[in-house]
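Order of writing sets the chain letters: A, B and C. Residues in each chain are counted from 1.
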Amino acid sequence: MIELQNVSKTFTLHNQGSAVINVMSDVSLSIKAGECVALTGASGAGKSTLMRMIYGNYSTQAGKLLVNGVDVASAEPREVITLRRETLGYVSQFLRVVPRVPTLEVVCEPLLMIGQSRDTAEARAKELLTQLNIPERLWGLSPTTFSGGEQQRVNIARGFVHTYPAMLLDEPTASLDARNRAVVLSLIQEAKARGAAIVGIFHDEEARSAVCDREIDVTTFSPVAA
Amino acid sequence: MNDQAYNFAYLDEQTKRMIRRAILKGLAIPGYQVPFASREMPMPYGWGTGGVQVSAAVLTPEDRFKVIDQGADDTTNAVSIRSFFQRTAGVDATTDTAEASVIQTRHRIPEEALREDQILVYQVPIPEPLRFLEPRESETRKMHSLEEYGLMHVKLYEDIAKHGHIATSYAYPVKVEGRYVMDPSPIPKFDNPKLGNNAAVQLFGAGREQRIYALPPYTDVISLDFEDHPFEASKADHACDLCGSTHSYLDEVITDDKGGRMFVCSDTDYCEKRQAEGHTGRRSDATQLQEVGQ
Amino acid sequence: MTPLLSVKDIRKTYGSHIGCTDVSFDLYPGEVMGIVGESGSGKSTLLSCLAGHLEPDQGAVNFDTRDRGLIDTVQMSEPERRMLSRTDWAFVHQHARDGLRMGVSAGGNVGERLMAVGDRHYGDIRSKAVDWLERVEISETRVDDRPSTFSGGMQQRLQIARNLVTGPRLVFMDEPTGGLDVSVQARLLDLLRGLVRDMGLSAIIVTHDLAVVRLLADRLMVMKSGRVVETGLTDQVLDDPQHEYSQLLVSSVLQV
């Protein structure tokens, strides 16, 4: 489902003496449908960078980065957008929304974007918000005013509202209490069970061992300093 | 009794030719505003300088000339324009609509049906129907040339939104031969149906604005409206108090300071003819308006 | 898939000064593209060339017309182009008063585009106008008020309603949230996002506000000195800019 072939990434900082930073080179890996893979490595090793590259958020300098057959590294913006809309979900650590939009609307949006009816979208969104213990009185309010944990749960609800065949999870259980962490892990299990390919970053080792089939240490991707 | 110090009908021949060319162009493109080099006339703008120049260009020594001001032959404006052409062109004047061959009018169309051998000359203050909605002349000309007339209906829309019906009661915009939107000069909308399919030649002159436009005989003229708010040629819901006419345009005349009023035909010639034929109204005793006022 | 708008090699100069040059791109149905750059970068000149307000010195702006497919709107006759800009195109000005008739009621402003394409039923026009006012969150009770009595944010929403009432397929926006205070901006952006999604609109948005494009645009074009220096997915250009100028632009934004 997700396949990387000889992928390399550099950052060129034009405004800082054109410094070139080689982040990773010649990375090849493959994640099958129904598989959950954890990226590991110390902070700054490139876990988030790799996730962002798969999502198309960061550019890729060399190699192929296939998600469901689409090469994210070379695809047109609209192809990447279609991919993100239909195939590739991403739960980031931070919720980024237009200020005054109500929570229920935020969670519904991915389904509305793929043309689902408002009724279907709202029913599914309400189900997830209930599951994630967001009290109903908050649904009509904008999540920008919520606590960190509540925002993270809204973010997860939004990420899981559509049954994406491929998902990227960046610390989905961080800042959650035990009860909500269990809900998130069961959501991940459900996604795996329906055949989603998942790449995640889990600092929480317990969570990692509960849902991940294998680990990939990104430290090995860093080019050896010449 | 032509006043020999002036050329026939005051204007020099070259000027009259220039105006005739504008008139012919106007007749060839009904409703289209033709620019012309309007001359200074011996009267102030707003007193019919455009109409006077058009009349001067079409008058011949054989013509019988009639002037009406809001339907009346006897107001200052009508009297002075009539005497102006009597002096400068030596033409015969008349107040009888049927007898006249050229009729200059301010803000009315005579009640009596016109004939093919008659010319009706309108005095026009503002020829551009789009002016109050779009002040830029460059833009309104473009709108005419591209037939972009949505704006005209915006004006009518605003009327209905504000008053519940189309409250525009004079200078009511019309579409000519399905092409140009035209301002019929500030005639009451009661007169609008007479613009279309009229046997006479209708010429419009705007002196200050330097525009001439025209309707040749039997031109198709439609008053703009909405499907659910159709055009209505309205008038005061009364009969003439002098001649009893129920189908002519009426003026309201205040007769005293105790709320007394009467309605009389605005077309004085029409009213007088009817009275002469023996028609009477509610106040036929008051044969002279002046007497009524006293 | 046929692009909705296919721009080829647009160039516009003012004497020896380059307004914009070498601009080519395809915009597909449903896509929202942002054009960013500093003042004087040529983004507004480009938008004017695309929308037919300025005639480019060279190049083609091909639009996928409903009846005849891709047609170069630069070569089109003026009546055709003006018809297009009343029907399939819309233009949202930065200053609402440039896009509204200030002396005409809100309902009349929205209704004008309908009457311009031949609607002649007052009741229908009015109910469509009211419907659109509600869609842009203006109360029906304001339908007969003039825009001069509206707040800046309301005027801008009215301008959007006026533009969208004929169901255009392509909307040009020039700094649509410029000049509005921040809370009003957010509301307007949310509204625009919903309309773009529900109507499947394509849009080209010129702005210097990177937050606006992040929320509205699928893809981004960065301009400097009349030239396009970088294009790509909006979040990619903003989070991993490649060109020197884009990096400077992104790093210059104050973080709140």
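Following the convention adopted for this analysis, contacts are C-beta pairs under 8 Å (C-beta built on N, C-alpha and C of every residue); 3 or more make two chains touch, one makes a residue touch a chain.
Note that this is a predicted model, so its numbers are computed, not measured.
Student: Could you run down the chains that neighbour subunit A and subunit B together?
Tutor: In this structure, the chains that contact subunit B and also subunit A are C.
Student: Can you tell me which chain is nearest the middle of the complex, judged by mean CA position?
Tutor: Answer for the innermost chain: C.
Student: Measuring between Cα centroids, what's the chain most distant from subunit C?
Tutor: B
Student: What is the distance, in whole Å, between the centres of subunit A and subunit B, each centre taken as the mean of its C-alpha atoms?
Tutor: 77
Student: Counting in whole Å, what is the centre-to-centre distance of subunit A and subunit C, each centre being its mean C-alpha position?
Tutor: 32
Student: Give, as an integer number of Å, the spacing between the C-alpha centres of subunit C and subunit B.
Tutor: 47
Student: Which parts of subunit A, given as residue numbers and ranges, touch two or more other chains?
Tutor: Within subunit A, no residue contacts more than one other chain.
Student: Report the residues of subunit C in contact with subunit B in the complex, numbered from low to high.
Tutor: The touching residues are 78-79, 82, 86, 101, 103-105, 107-108, 111-117, 120-123, 125-126, 143-144.
Student: Mind pulling up the subunit B residues that touch subunit C in the complex?
Tutor: Touch residues, subunit B against subunit C: 133, 146, 148, 150-151, 153-154, 157-158, 160-162, 225-229.
Student: Please output the residues of subunit A touching subunit C within their complex, sorted ascending.
Tutor: Residue list for subunit A touching subunit C: 11-15, 52, 56-59, 77-78, 80-81, 98-101, 112-113.
Student: Which positions of subunit C touch subunit A when the two form their complex?
Tutor: Within the complex, subunit C contacts subunit A at residues 28, 31, 183, 186-187, 189-190, 193, 197, 215, 218-219, 232-236, 239-240, 242-244, 247-248, 251.
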